[in-house]
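What follows is a group of structures, each given as structure tokens.
Below are two complexes that have subunit A in common, paired first with subunit B and then with subunit C.
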Partner chain A sequence: MSININRPCGTFDRNYFQAKEIYRTPLRKILLALLIIGMYLLPFLAGDYGISILTLICAFIIGMLGLQIITGYCGQISIGHAAFMGVGMYTVGILQRHFGLNFWICLPLAGLVPMFIGMMFGVPALRMKGLYLAFATLAAHFVIVYVISNWRSVTNGTDGMWMKRPDAFFGIDFKSDRNYYLLVLTITIIMTYLATNLARSKLGRSFVAVRDNDIAAEVMGINIAYTKIMAFGIGCFFAGISGALGGAYYEYVNIEWFGLDDSIWYLGFLVVGGFGSIFGAIAGATVWKIMDEFSTLVTPLAEIFLGGAAFYASAAFSLVIYSLIIIVFLVLEPRGIAHRWEMVKRSYRLHPFPY
Partner chain B sequence: MTEITGDITKKREQRYSYGLMLLRECIEKKRPLTNPNVKERKVLLRAENISIAFGKLQALNNVMVEVKEGEILAIIGPNGAGKTCLLNVISGFYRAQQGDVYMEEKKITHLSSHKIAELGLCRTFQNIALYTGLSVTDNIIAGRHPHIGYNFVTGMIYFPWANKEEAFQRAIAEDIIDFLELEHVRGSVVGMLAYGLRKRVELGRALALEPRILLLDEPMAGMNLDEKEDMARFIIDINEFLKIPIVLIEHDMGVVMDIADRIVVLDFGNKIAEGVPEEIKGNPKVIAAYLGAG
Partner chain C sequence: MEETIKSIVLGLCSGGIYALLAVSYVVIYKSTRVFPFSQAAVLIIGAYIMWYCLIAWHLPIWLGFIITCAGGAILGMFIERAFMRPLVGQPILAPIVVTLCLMLFLRGIGILMGKGDIQGFGESFLPVGAWKVGFLHLPKIQVYGFILCAVLIAALMLFYEKTRTGLGMRVVHEDHVVAQNLGINVKRIFQYSWIISCIIAVVAGMLLGNIQGVGLALDANGLITIAAVLFGGLESFAGAIIAGLAIGILQMLTITYIAPLLPGETTMMIPFVFLLLILFIKPYGLFGLVRIERL
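Presenting the complex of A and B:
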């Protein structure tokens, strides 16, 4: 958000277009380009296991960006975020199963359907704040899960249903995991671009205004009702796209995949990443998925120390690791990795001097 | 790029130099800046017979206030007299139980706060109410919210015209930063700034809305003499150059008597006096309200 702080000295803005650029210096532009090229080249180096982790990280980054918009930018707590991902998944699943629609048509609808449902459940935000709003969004989770598990004729209940990956596109076959990863990565980059621009444009500023001081925002001509509902709408749009991509990766949808605990981990790892920045959302999702894999890798080691008890302990292992990370961040760095990263950049810029 | 920048400069001149144009015109035609005859000025804002009660506490009782073109109107009174309450009613924050507020003969009592702001009635708060997470520039651009044209899809994709619009808004924000002498802090996050500067940023954010009437709630509370003088200078500049009438709540009598054209005195929700500073100074009712009837 801050404008001139992260500029190396000697960089002068000659017009207002330069003044509001995100990547101002050529070095940063080159680094960004290298990062993106590196992400595209990674699957050719990593094995199948690496590709599956990368695909899930990308899908979860989109969902985390959605929660960042609702909670980080607009300040409305949502404990139903995973359920909106589920709506996205099931939208694609239902459209493919009953109407036989193409994935490319399903994907935007997988964003739009959760968007409207999210706007509906965002209405309580007009009257409630903080913890009370959290409980209202909790209702969204239970309503959605109830509808999906009981509307058997459409959703196939708790049995779940098969999903199809997108058809070949200009000769690229998405049946292979590597090509599918490249598709998910492309969509992730597009969604990150959209979220970044949202944050620095008119609506993003009004989100922050509502978060920081809703009374002043109203008096300064910002329509609070519209702003809050748009925050829920856009956030759930991102969640839906994320769910659709994740579900299509497994080619299967199940109600088990978006439990209440997932929503809470979403919020927890948003704290780890850092509220109120796009980088925070990306960092939070990445740490979450890496820790997920880390805990599965580490569990066999626990057997050495715990012996037979490890069999029972292993189920709780990932939860313990997640909780420890969140507690450590809440105590030591409540503003998350994003803030720490800003500090690293600043100290690098001023390198020989301490301040 | 130069073309676009030139375009912005042209647009800015069209839009923002009207204060300077007026000044030039006045100098050329040897006409005084403001109409000295207070009685002839047009009424811009009229609050008629406002009454509001919280339970049994009558916060405002049949108060009538008029704000005329180009004047500085001060509202004074002891603590708890209902000054801020009156401002809250005018800016649509409280609903008056009785009476109406008119802006240029248009009734605005029933409108919601953001609609009133769009009509050009803008206020600042007694306790600073800034967007603490944004930088000074972003705060001021956020104040321009109703004047930014593009919709959110355009903003997300950042089409060239959204980019151009943002640069244009940035240019106007820089004008306001120049005007309020905030250049040295333009990039800093507002939450980190000193109290006096934050008050000034809030004034800047209010100006960004291009107000037609500006309501200031204790703009000089808790400031030292230098800061008070600066703030008084800014208020007078806004009034003279931008021709914006100002309603001012202030406890510092020295400032009020110096800069106000007219003064309204409230006490326990009743209007007890109204007039030019000289009249108010000698009014026995006002003296009794401040010092206690004795």
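Presenting the complex of A and C:
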């Protein structure tokens, strides 16, 4: 299977220059530029509510890209991704609280600390794969959450702690949500660019080789141990950055934001978005956060139907609806939105003919 | 010393339920090669059905037991038919994600059933009190629960050994293609496995609900049992039983010796540290099959 599993049928790279290209057609380059400009202009049109949704979507896209690298590209299942996001969040929180460091210094550290912890929990991946690795990451989730919620002197336990947004930068004040959104968007674009290029690099191609058949990859001379641990490291780096940006948006961190269900939603919405493509990660994160907002909107309806005690109904609603969406997607369209989008494009391209 | 013996005996008693739960995971894993994370949440459903039968509808205990088992069987049949069968032959990721999502789905149903509260059985449906044997206090709930678990496991083993369907299930455990060629309906065996496993899980759920209170926290027991299943080896009933008892003892020893030293929910954390240790040292467990792969 090639890197671009979502490419339409009949489109091949005939030489190395084509294989190295990011944009297959000039139209794509123009559309991407328009999209980015549009994303930068959007906060000037949307209200405060719109900006808050957009910021969260951008932050979660980074985390989803990390999971895409671990699970989508390298094929190592991780059920602890939300916990690594939490480690990133708490790294910034702890550094600001105890050492008073600047956010700009904390941000790379918020990536590096989860990266090392992720590599540590990725070590079992050397001896096993598939289901067993899922167990290891599940255990990682519980151990990390236990440490964060009980190391009270450092993490302030389950009470959470305050975080500061980045200081002003060339006169841009990030206290305003709009400016902060622009910052998060910029970082998201940089990270997406990095992830896209990673997938085309030697390391990214060895990820795909390990995913498709790790024994065959080893025979071809790929160092499996190095590749798997790097996948975990890079994926958790992305998760940590995502957590730091999300936590700084709320200016507060809390252990309750990354439960086991969040880790499962990460994995599930990755499936909804589509495996093995950057677009899939972006689509998955977007659908997830839009669903989140939708479920908040529907809560008053639940109140009408179920009487006064709607606090439990909204929790149950999100659990039931999200899991049904993911299961239905897996049963009907296992390759996700990214694949469906390619199908739509193909039928448009071949319009009068069915194929 | 006395403390140690006490915690080992109590751990054995509570380990019976873990052994039962571990068997419920192994039943499905052996025949379908899918690890049913969802069984952790089937516990909640079982406990709530029993609670409705006994407290809300005032039914006698034996009727409640039968209704709960029937509910578990229908649930298992439904899960297999609706969600798992379309995924036969898909890559390993698909069933893992679906069973994890099913866990949350059943958890959501549990919240709706229980209206978000922790319910108690009022007075327990098993005898309360304790026997005094030497310096040991044996709570009757735990001992009766242990006996019920042992009876169920024995019945399951008899079913596997003596009946024709059980024989077919053992063939499916070995190889799906061979079983299909021998004229065994593999899909039906998958369905039987889910039904058996869900019945076991709801029984474990009502026993645990009787001890810990009926609530959403019950699925923590199911997650802890994953450590036991892995310790015993994913493909072994004997391993599951031994490891279930071992996890029970480990938990009691944790409460006695480690909990005073560390803050928070150590009973939840220690089994997972144990799981990580197993994964580092002996990833295929005590009696698990070591799969040798080739190109």
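Following the convention adopted for this analysis, the second predicted complex is superposed on the first by the 325 of 355 C-alpha atoms of A that agree within 3 Å, B and C clash if a C-alpha of one lies under 4 Å from a C-alpha of the other, contacts with A are read in each partner's own complex, and residues count from 1 in each chain.
Here is the rule we go by: a contact is a pair of C-beta atoms (placed from the backbone, for glycine too) under 8 Å apart; a residue touches a chain by one contact, two chains touch by 3 or more.
Fair warning: this is a prediction, and the values are worked out from it, not measured in the lab.
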Touching partner for A:Ser206 - first (subunit B), second (subunit C), both, neither: first
A:Leu194 touches, of subunit B and subunit C: first, second, both or neither? first
Which superposed partner A:Tyr348 touches (first subunit B, second subunit C, both, neither): neither
Winner by number of subunit A residues touched, once subunit B and subunit C are compared: C
Touched partner set for A:Phe170, first subunit B, second subunit C, both or neither: neither
Touched partner set for A:Ile224, first subunit B, second subunit C, both or neither: first
Touched partner set for A:Arg127, first subunit B, second subunit C, both or neither: second
Touched partner set for A:Tyr49, first subunit B, second subunit C, both or neither: neither
First (subunit B), second (subunit C), both or neither touched by A:Ile215: both
First, second, both or neither for A:Asn15, with subunit B first and subunit C second: first
Subunit B/subunit C common contact set on subunit A: 213, 215-216, 219
Residues of subunit A defined as touching subunit C within the complex: 71, 75, 77, 79, 123-124, 127-128, 130-132, 134-136, 138-140, 142-143, 146, 149-150, 152, 213, 215-216, 219, 261, 264, 267-268, 271, 275, 309, 311-313, 315-320, 322-324, 326-327, 330-331, 334
Interface residues, subunit C side, partner subunit A - complex: 35, 83, 86-87, 90, 92-94, 96-98, 100-105, 107-109, 111-112, 115-116, 223, 226-227, 230, 234, 262-265, 268-269, 272-273, 275-276, 279-280, 283, 293-295
Parts of subunit A lying in touch with subunit B, wherever the complex brings them together: 1-5, 15-17, 19-20, 194-195, 197-198, 200-206, 208-209, 211-213, 215-224, 230, 234, 276
Touching residues on subunit B, where the partner in the complex is subunit A: 1, 4-5, 8, 91, 93, 112-114, 117-118, 122-123, 125, 129-135, 137-138, 141-143, 145-146, 148, 150, 152, 154-158, 162-163, 166-168, 170-171, 174, 186-189, 205-206, 209
